[in-house]
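What follows is a single structure, written as structure tokens, with notes after it.
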Amino acid sequence: MNVNRNIKVTVWNENRHEKTHKKVAEIYPKGIHGAIADFLSQESDFEVRTATLDEPEHGLTKEVLDSTDVLIWWGHIAHNEVRDEVVDRVYDRVLNGMGLIVLHSGHFSKIFKKLMGTTCNLKWREAGEKERIWVVEPGHPIAEGLGEYFEIPQTEMYGERFDVPAPDTLVFISWFAGGEVFRSGCCYNRGRGKVFYFRPGHETFPIFYQPEVQRVIKNAVRWAAPVNGPVPHFGNVKPLENI
Amino acid sequence: MNVNRNIKVTVWNENRHEKTHKKVAEIYPKGIHGAIADFLSQESDFEVRTATLDEPEHGLTKEVLDSTDVLIWWGHIAHNEVRDEVVDRVYDRVLNGMGLIVLHSGHFSKIFKKLMGTTCNLKWREAGEKERIWVVEPGHPIAEGLGEYFEIPQTEMYGERFDVPAPDTLVFISWFAGGEVFRSGCCYNRGRGKVFYFRPGHETFPIFYQPEVQRVIKNAVRWAAPVNGPVPHFGNVKPLENI
Amino acid sequence: MNVNRNIKVTVWNENRHEKTHKKVAEIYPKGIHGAIADFLSQESDFEVRTATLDEPEHGLTKEVLDSTDVLIWWGHIAHNEVRDEVVDRVYDRVLNGMGLIVLHSGHFSKIFKKLMGTTCNLKWREAGEKERIWVVEPGHPIAEGLGEYFEIPQTEMYGERFDVPAPDTLVFISWFAGGEVFRSGCCYNRGRGKVFYFRPGHETFPIFYQPEVQRVIKNAVRWAAPVNGPVPHFGNVKPLENI
Amino acid sequence: MNVNRNIKVTVWNENRHEKTHKKVAEIYPKGIHGAIADFLSQESDFEVRTATLDEPEHGLTKEVLDSTDVLIWWGHIAHNEVRDEVVDRVYDRVLNGMGLIVLHSGHFSKIFKKLMGTTCNLKWREAGEKERIWVVEPGHPIAEGLGEYFEIPQTEMYGERFDVPAPDTLVFISWFAGGEVFRSGCCYNRGRGKVFYFRPGHETFPIFYQPEVQRVIKNAVRWAAPVNGPVPHFGNVKPLENI
């Protein structure tokens, strides 16, 4: 029973733009991870901490991951600096039940590509155009508290074809002023874990301060929290019936 | 946020076998609806009531349905006695967010067939054989608290081909001693509502007293509870952009 | 083996606008059914005929349906005039393997709503705006011969939320100049049959003369053609193993 | 249009059991690849060749893969000997449209795990027990020509939980005498390519001589053959509309 159970959230950020781009540092003075941790911490059922690329083991030690229910991932220019052993550790935890929420440019992270089994490639354009995100599955928990659509006044465009497996559930589709569409909210079951890809969120636009974006991420944390289901036993087994 | 929100459950039962079959009355002295309401009432976040076919409007007045979050449905020999206007009322409520859990022989109910768009036909046999229900999606909320499988010592067999649309999520597959298999736990989104079909549960076997069966139904109630998502506006609309 | 097997296509049209609207009659002098039959007839593996609402039994007698592999459906203002017994006949044939392609305003036809189990409602606007249809599943047979997207210069808008079950496969998503998106190419398995909903196609725009639209419909006919798979046997069965 | 287009099939086999186990060599004197190539070659629309692990580049040079429409994969004891660069080459070809059919113990091949994004682990038992494979999607092209089920008299058991993403389409479910079930026919879209996992096929049982098994593999070849759909263009793009 999920009621009254605290959810331990770790917000991971590459945290490189914040150090090198003045504009990013101005918009996100605590880093993107800090901004996300701030609004998540307002929820009484969340316990929130952060981790970043330049910490030892990228801040994702076995101890941290073992005590993480949902991991939020933001990366962009340093995907290749994430060490494979840490990627494998995150991967094992997802398959064993940890939720994973991948934001925006995280579509090209090693962990997302490994879990999807595809290139996760897409079209993109940085023109500060308008995005309108439509809810196509209004009964889904991730749509809780939203209207039929919400708008992001200025954003980077991501366009189809988005090279991912068809999501187990498609929650959002984006409309862009420049003429493209995108599957912007994609739910996947992988092993015993849940993965949610959410498109919005750019380093030079204040997108993570938008109430609707925050709402979606909060909803996604609750949706992706581990379930205490069966732990499969793999390998050689004896028959359960007389053969 | 779902935490601490009570879920209003209405357990609907045809309640005919209980009146005419001594054996059924012995196994389920309060009726199948009574047995289900009993174990659901042990959950502190559920408010449970019952309704039956022979009540006025089958106990499913507009007032009852409007105040129902999740409706549980058991019927068998009197599907055709359920009036179409009540079926339509339940249908409208499901599409507007009410959860619906259809049990066992409810596969042939008017409401389930109407929501599925198919015959919902299947193979069956009453031989009291063993069923073993395997969890194939161990991270799904409906699998919470279960082992890798559970067994029903004696049951009616339902076998494939089960003529339903492929479920949005398939949670359980049954093995039967007589040689058949069955998709026994099927999740569907329909409109803003959620539908769960759960195979076990027969009138002449004490299946609703089994802890695993009770656990699944409790889990399904929480999974199917309405989400406060957007209410779609249909029909003619003005453009959101200059055309 | 599908090679060299002819596909019998019946194009059904309500055929009312053509009789009452001069503009429609000018664009589609043979009726929408005639225009569709014309381009389908160019394919050497198709045998094409038409049927319309005002024919006896709407042109869909048992004999016609029994010898139809794929039925194409166009209706708009007279959905309610289609008799339930004919709808049931079409429904039975789909569940027994006949393909069904539902075009544009056919989303509100009795047969489509019955097969979907939902209202099939949506947003709409007649402003002659531009639509751009993006292929999101480029390996699907219905995308054969297309580019990454194609445009319809002037069309009626259909917008989300489209109240249908999530398609088994989503092939197209539309972008509209007015700011909406739409799941425009939706594949469904129902019983032994296949259903394809295709959004484009309006009575006052010459959409069915566009090569890309014709290509999609041709592809869909081949995709939806019946497969000689097993005919399920339903009902009471004997065990296949000793119990 | 698929009609009359030849499909180039390459049958890949590890081909190790055949060299070291007398029993395997007796059952499959031409190797498992030879047995599969033999029955596929009877189809007039297939061009068939084979490739094995110990050939240079495992027989899967760029030239071979570029001229392969559908690749069939059988491996068991030497998955780790398949070089990563060849795996990457196969992976790129699948995402660019080549069909891939993975047989039995190939579930643990590098290529299948890479495309699935999960462990692909399962339960197993070598007891020569009976398997009954039920068709759950009778309208699917891979079920063409089959009955409602077929049996394999003696086989190795594979049991759930099968740690793969939920298939885009589930075609077969297996029943085993020892009490397990398995999702035995799983269709996936990955990139522009199609992947089919088919469970039956063991080295010490003459399973690939069974007509039903041969039929499924032939059907799967036709289903997985490339479609001439759009080739997505990824990366930075200009707007299609004035922003």
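For clarity, chains are labelled A, B, C and D in written order, and residue numbers in each chain start from 1.
As a convention for this text, contacts are C-beta pairs under 8 Å (C-beta built on N, C-alpha and C of every residue); 3 or more make two chains touch, one makes a residue touch a chain.
Source: prediction; values computed, not measured.
Comparing mean CA positions across the assembly, the chain most remote from chain D is B. Interface comparison, A-B versus A-C: the higher number of contacting C-beta pairs is recorded for A-B.
Chain A and chain C, compared by their mean Cα positions, are separated by 37 Å. Chain geometry summary: the mean Cα position of chain A and that of chain B are 32 Å apart. Counting only residues that touch two or more partner chains, chain C has 132, 135, 137-138, 148, 159-161, 166, 168-169, 177, 179-180, 189, 191, 230, 232-233, 240-241. Residues of chain C touching chain A in their complex: 132, 134-138, 148, 159-162, 166, 169-170, 173-176, 179-181, 183.
If you check the complex, the residues on chain B that touch chain A are 1-4, 43, 45, 97, 132, 135, 137-141, 143-148, 168-169, 177, 189, 191-194, 222, 226-233, 240-241.
Those residues of chain B lying in contact with chain C across their complex are 95, 114-119, 121-125, 127, 129, 157, 159-161, 163, 165-166, 168, 177-180, 188-191, 230, 232-241, 243.
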